[in-house]
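A, B, C, D, E and F label the chains in the order they appear, each numbered from 1.
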């Protein structure tokens, strides 16, 4: 194992995805441990600590990519938690999903909002309402 | 036509996508003019001027969504230009694409980088090299 | 809020998706109320009442798009109900899914048929068997 | 080869996709002739001649599925021609694409309209403008 | 019904997908029996018995396609069982999913591994650990 | 740079994708050199040299994943060349694409076959016809 990349990665994973991320790695131990290692070494060891984007920007990009891909609800749950963990407010997460409507259509946005609703409820972190400009 | 939403939208479109955005709307005039109106009224009139995200954040989200969807190279070209227009540096656009690798795989990132390369060349705006941490 | 578009939209939504559609909007109230408004104003207020296609044709197109996108089972459930609500027979819904096989492959069609089976059972509306030409 | 299915299929293919469909089959002769046979026997021999949907409805479903899948521009070109061949008016094809906006987002609709624009121009068949309700 | 294609197909289906495959066909009887027939006649009667690839190679290709498509977890469950039925070892199935990481990203691979974990547990067939070269 | 992973990766890349792969890396030098490094280090340095699958199996899996993802024609061109380079016969590549029909539908298979036709012509490597069982 590449100790440095692994060490950097596991620290990033803990900082960003917290318990949820470690659970994913743990669940891979008996079935595909190398997959867990690649997530730590490559995704969190190589990519996340790069300069050029803040962690908050990286999480905005990640949840956008997962929403758009579709069918990634489990990973979206981990990374909505990750977005909250790095300080993104719930209303900004919702706003990110709303920005995707013109590019993905409503169904994928509805699926992502449903995951966010569950995550926010679990953490008791409801977004403050952000009315559209000129509304109500 | 909903004059206020249209007026807000066309201004946003001009600010963000500039000539490229107007060309898209223009090209729809003889074939599907309402489609152009919806893009202006809904995408740029309703969604873009909302509070909660900066224009730069909205463009990061948009190019991420287009990269992830795949097959949206013409729209990616418009919005890479849009990202540059709202002040995002070329190296940050590339870094956004690199952040997508763990979530979309390499092929879609390669396709997006190829579009960026063309856009940057057209505008004579090459990114400054951003080496990964601990590299070179 | 744009009263006219909203009023037209909410009537369309009630006519087409009935209880299922209103439940989706209701579920968004505490988390992303603007998303619900956009669905009403844009999808059902702007797009559905347009001339050029019957409501039944619009629902055929919608369930086809949701089947093909994949991962949109909750929305497919709402719109299979919507298709029945605007008078499409169960066997025509199944036939629509069968027409998609050459373009999407079997897995997405199987997923859509599984949703239809549940919806038809909930409404006690089983399709009449439509044997292929020259079969049995 | 299954003569009956092949015979039914080749007739359907000629009726629906005309020259464009035969060109696709022809182009497969030297590289993957069985693929051409399956398209004729299964897609056009088994699926298209089924009862329960008109040919026009089948083409609406097909172009919707191809638009939603994305990256299927060559097939979309064949089937927009097919839709015109079975009597669907250009403005109805455009309206079908507009109905997809809420479910696929704008980029895929823009790609499909660009293909339609080319096909209509090749056939000198421009759609009559269909303004949205309450517009202009 | 085309007796020969159906007979060949049902035998292939039983050999490859076993109980899981027959359950899928059975579940279609009351809702879309022709869909079941097409799966048997076309997928298993026309495609699977072709020369040029072994059954094991066909199952590797199938689980790769299902992983990449996304949202096909029910079909992936049937075909991971199918892969085991035609003699592919659990560790080779996992290795196939790992080979997809560079092309699909991690989320779809994680979803596929989660299905495999369930299938392997149901059959008491845990993969032997295959450490990456130069690791541990 | 991680010399060992890079060295292993560049050798694999040369063996598998040959000139086409090196061209991709070369084209990234001025725009996103780290992306090229990650392809070499992670895709070709970490994943390809793993035990458990032959190189030929890895290329079958790769072209299947690229076909299914859609919109990856440039990468498909590189990896159809890669498949030929590691000894897969043209007719086996075509057969792999045909095996995907039931899972992806015809359009994506047609797109992949069109790329293969071009690659085979460039290399003067036409597949030997493989008639389906019981045909002609």
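In the analysis below, a residue touches a chain if its C-beta (ideal position, glycine included) is under 8 Å from a C-beta of that chain, and two chains touch if they have at least 3 such contacts.
No experiment lies behind these values; they were computed from the predicted model shown.
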Inset, instruction - Treat each pair of touching chains as one step and give the shortest count from chain B to chain E. - result: 1
Legend entry - C-D or C-E, whichever has more C-beta pairs in contact: C-D
Legend entry - Furthest chain, CA centroid comparison against chain C: F
Inset, instruction - Mind checking chain A against chain C and telling me if their interface is mostly the same residue numbers on each side, over half, or mostly different? - result: different
Legend entry - Geometric centre distance via CA averages, chain E-chain A, whole Å: 30
Legend entry - Computed distance of Cα centres, chain F from chain C, in Å: 39
Legend entry - Length of the line joining the C-alpha centres of chain D and chain E, rounded to whole Å: 31
Legend entry - Residues of chain F touching at least two other chains: 34, 38-39, 42-43, 46, 50, 66, 69-72, 75, 98, 100-107, 130, 132
Inset, instruction - Using the touch definition up top, name the residues of chain A that touch chain B in the complex. - result: 4, 8, 39, 42-43, 46-47, 49-53, 57-58, 60-62, 64-69, 72, 75, 91-92, 95-96, 98-104, 130, 132-134
Legend entry - Contacting residues of chain B [partner chain D, same complex]: 1, 24, 27-28, 30-35, 37-39, 43, 66, 69-72, 74-75
Inset, instruction - Give every residue of chain B touching chain F within the complex, in rising order. - result: 70-71, 94, 97-98, 101, 105-111, 113-114, 116-117, 120, 126-127, 129-132, 135-136
Legend entry - Residues of chain F that touch chain A when the two form their complex: 2, 5, 34, 38, 42, 46, 50
Legend entry - Of chain D, residues touching chain A in the complex: 101-107
